[in-house]
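In what follows, a single structure is set out as structure tokens and then discussed.
For clarity, chains are labelled A, B and C in written order, and residue numbers in each chain start from 1.
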Amino acid sequence: MTKAPKILTELFWLEHLHRIEAYLDRGGYQALKKALTEMKPEQVQEEVKKANLRGRGGAGFPAGVKWGFIPKGTDKPKYLCVNADEGEPGTFKDRYILNHNPHLLIEGIVLAAYAVGIHSAYVYIRGEYEMIARRLEQAVAEAYAKGYLGRNILGAGFDLDLVVHRGAGAYICGEETALLESLEGKRGNPRLKPPFPALVGLFQCPTVINNVETLSNVPFIVQKGAAWFLEQGLPKDGGTRLFGVSGAVAKPGLYELPAGTSLREIITTHAGGMKDGKKLKAVIPGGMSSPILRADEIDVRMDVDSIAAAGSMLGSGAIIVIDEGTPILHVLRKIAKFYAHESCGQCTPCRLGTSWIHKIVERMAAGGGTRGDVDTLIRLAGNIKGRTLCPLGDAAAMPVTAIAQKFRTELEATLERSPVWP
Amino acid sequence: MSPVLSAALAKKIDDLAARYPAKQAALLPVLHLVQNEKGFLSAEDEQAVAERLGILPVKVREVVTFYTMFRRSPVGTYHIQVCTNLSCSLAGGDGLVEHLEARLGISLGGTTADGKFTLTGVECLGACEQAPCLMINFDYYGNLDAAGLDRILEGLA
Amino acid sequence: MISLLIDGRPVEVAEGTTVLKAAERAGIAISHFCFHPAFVPEGSCRLCLVQIEGSPKLELGCSTIVREGMKVSTQSPIVREARRGVLEFLLAEHPLDCPICDKAGECKLQDYASDYGLTESVFREAKEKREKRLPIGEKLLLDRERCIQCTRCVRFLSEITKTHELGLFERGIHSEIGIYDGKPVRNGYSGNLVDLCPVGAITDTTFRFKTRPWFLARGESVCPHCSRGCNIYIDYHPGFPRVPGSAKVYRIRPRVNEAVNGPWICDYGRYGFVEAQNTGRSDRPFWNKGGAKTELSWDKVRIVLGEKLKALRESGRMGRAAVAASGWLTNEELYLIQKIFRDDLNVSRLFVVDPKPGEGDAMLLRPDRAPNRRGATELGFDLALPSLEALGRETEVLIIFGPHLAAHFGGDELRAAFDKIALKVLVTSHLAGLESLADCVLASATPAEKEGSFTNADGRIQRFAAAARPCPDVRPELWILQDLAREIGLRSDLYSRAASARTVFEALAKEIPFFGATA
């Protein structure tokens, strides 16, 4: 069994960790002190790059490389946006960090801002996390009071302002350019890329957007170095991942494990295996947008590259376990409903395609499915994937294609039959 | 006639707007602020907010109608938002919806006659390890079964 | 300059050009809905997808910038498949309205569906039901079922007029375009939304259900309702031979001229044009003596008037004639008036009388409500209004072009002056009150119905040819002047009917350098 190192989650058991006194007591803000007093910004950036810190929001893009896209010597203000929208179904890891260890995130934010030369940061937190946002705001106030935010941080001459900004219920705002639009007070419609946010971002200025978990790793990289970080994971995918397991397992919960841990191990060993003796049917390995894996496909390593090679994706590391007692049509129904509801409506294939797929699946669930419906679903999903303005189209299409292909027999058995259980 | 926005509310809006280089950026936080105080966002609220932030009312409505959390009509004292997404469903969340509908005598989207409860279905709340779960106003409740749910409802004043 | 290949064709364009524009340069049209050259690329319809060698995904033609050596395919099988996919999605939720939709025949969705061979639908679900007749402006209706959310209308109002009347509400499949309570589109340019809408979602209530585009012929002309001289298309029904009154102008649309009006026209011109074209017309010549109106043939009129003017000339009383020309006359007509009256008949009093100036705006509409006052100026006309009192005292015969005197002077004033004038001839396309005071009313053509040129306020000379077919009994002022000149006994090649407007212009250009620049 893989050792479960406790890096991010080490202190989660500590009841008052979210108070700055407790955080400082446990060595908090030491990495920030080190960076501000002993390291140049470029050195911090270089360390994060060497550590191969892959983005933990879903795309897996290396954070250090992303930071490097910000133009040097621009006279425009630069911004850092923290993506705390956490809308990918099955995902709850950022909630843990925000709720239990907000100062870890704040420290990561200041370090990232220092590395890139940013003086204004916004945490975009989903509106449903209202109570957590209040706790985060409390932590931010504490950080300001103690000089870890604001003017002349730790007397090192570095300024950073941090604002907590609430979303209002739109999954699409987890997409980085939609997040920017929303932060600017508009509808969450994604923008055309290019130009990329690194050049034209928030308020048309160079902007870095990073996920909560990604930034929370930065203090550890700075404190203990890139080499150490790589040892905790894999050469191309350093550090641990926070895997959120839910569904038909005995112990749903958050599991911090090295990148590259086997999916089977996560489910059967760490999450306690199937609940109540149920049989495993399928697993959605990286949040709802990731292609489903059959029970015989779960011997896959959970790091960005390995699972991509296996035809799925690591995404947000949210593992949803489905048992034999759940009709696959029911799973498909929840998926189709979700994307139809969350499509922003801007581009043709997603706006109309997600709705059409939703209508077909609903008809199938009501017993009105007919021959050809499964092929139609695959064809429609194929007309969405790769054709849309933003990745939500792909996120809507891939699960439908995967389910329709891998569970075709079961789906076709529902056609011209009586209604499925709701 | 009293102004649409009280002086205190107007001041809070100005403070929020000051956190951004452009006032429009404060729109979502400001709409939350107004909605939390007034229960929902009326057309007059849209216009008052628009004026305060220096933008057009049509732009405010574009935003109000885009985001799920903004309401254009009142809700009950307790807004019960049940997750209807996959992980909660796998843990019996759909049964919770049925239970609530039966107990409260309304269907999803409705409000009880006494104005106490509104029931809506929402997408993933980000608490899947405690499935099935729901949110009442801003409070999360997880690991629910019918009995636990009943206890919560009874405990609400 | 960047060199690239589009469908195998080499093309060279400036750096920063989009693939779509470069393709246009190479003579290749890339299908699109949401793109419009006047707006920032939107990239939401996804129809303009093209295949670029080396790129794993299809790219948008409207917003992808060309690179040196790029190889683009706009019609490969994978591109056509992708476009069929987009069209299929749009058609799935589109109502089967073609038989009752104004846009049929000039609808891009129809055209593309036909181009890409979409004939059968596999959509078996219930379509979204939406508002079909939502008023969004004084003459505009929105049909939300037909709307394909290209947002051109919204963007026109935010990028061009900057009035933002339309917004995009709700989310996903429920997205809908609309106005804010009680704030309809009202900015003087609302008619452009109908042209912009690629489908029949936005319709014009003045055109709704009246005809079909395939019954209409199209002529190119210039709008005469102000001195901007916006270029237009006139869409008219040529008329059925045995049906009187069936020849009719139904609408005008902008004709792109980057130097004058871009791709737009204003509502004042757009709607004013059709109304003026079709209502209040003076449609045949008549004589108005002693309160009785007698219709005349053109031949009769020519003879009667010709006699009177000849008599005046022979008795040396031509100096007591006056001509009120107008900025609504073409350069050619104004030139002939000078040649005939000033040069040949020694008439010294030539005036220019036009409609009163109105409100202008920051875009196209100019306060000067005549199309050719600049032309009159360059020809040497004095633009000051005549003194009615002096006119009454000193004039024996007054020839007036256009009804505009009635805009400047009251009925009593005019009557008092006119009663002292022995012969009043009114040449007009419209009956606007002056006709009861004239002795002889000649029915003239509107600018849509004749050939000629106007000089706009910027000094741009724009030629136009006859577009709509006139009522049979109206004549261009050019012919009226030529016929009268010959009848009086004046000789010149320019006074023969064989001298077209073009010929007259060439003579004008030789004589006055200003007009020579564009001969």
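List of remarks:
Here is the rule we go by: contacts are C-beta pairs under 8 Å (C-beta built on N, C-alpha and C of every residue); 3 or more make two chains touch, one makes a residue touch a chain.
The structure presented is a predicted model; accordingly, all values stated were derived computationally and were not measured.
Taken pairwise by the contact criterion, the protein chains are fully connected, each one touching every other. C-beta contact counts were set side by side for A-C and B-C; A-C has more.
Chain A and chain B have CA centres that are 24 Å apart.
Rounded to whole angstrom units, the spacing between the C-alpha centres of chain A and chain C is 56.
A straight line joining the Cα centres of chain B and chain C is 53 Å long. Contact of a single residue of chain C with at least two other chains is seen at positions 168, 170-171. Shown for chain A are the residues in touch with two or more other chains, namely 170, 187, 341-342, 344. The set of chain B residues touching two or more other chains comprises 59, 62, 66. Listed in rising order, the residues of chain C touching chain B in the complex are 164-171, 179-181, 183. Chain contact summary for the complex, chain A toward chain C: residues 170, 187, 192, 340-349, 351-356, 359-360, 363, 372, 376, 382-383, 386-389. Residues 77, 86-92, 94-95, 126-131, 163, 165-171, 182-188, 203, 244-248, 252-254, 284, 288, 318, 320-323, 326, 330-331, 334-335, 337-338, 341-342, 344, 422 of chain A are the ones touching chain B in the complex. Against chain A, the residues of chain C that register as touching in their complex are 41-47, 49, 57-58, 60, 63, 82, 85-86, 88-90, 92-93, 122-126, 128, 148-149, 168, 170-175. Put simply, chain B touches chain A in their complex at residues 19-22, 24-29, 31-32, 53, 55, 59, 62-63, 66-70, 84-87, 89-91, 94, 122-131, 135, 138-140.
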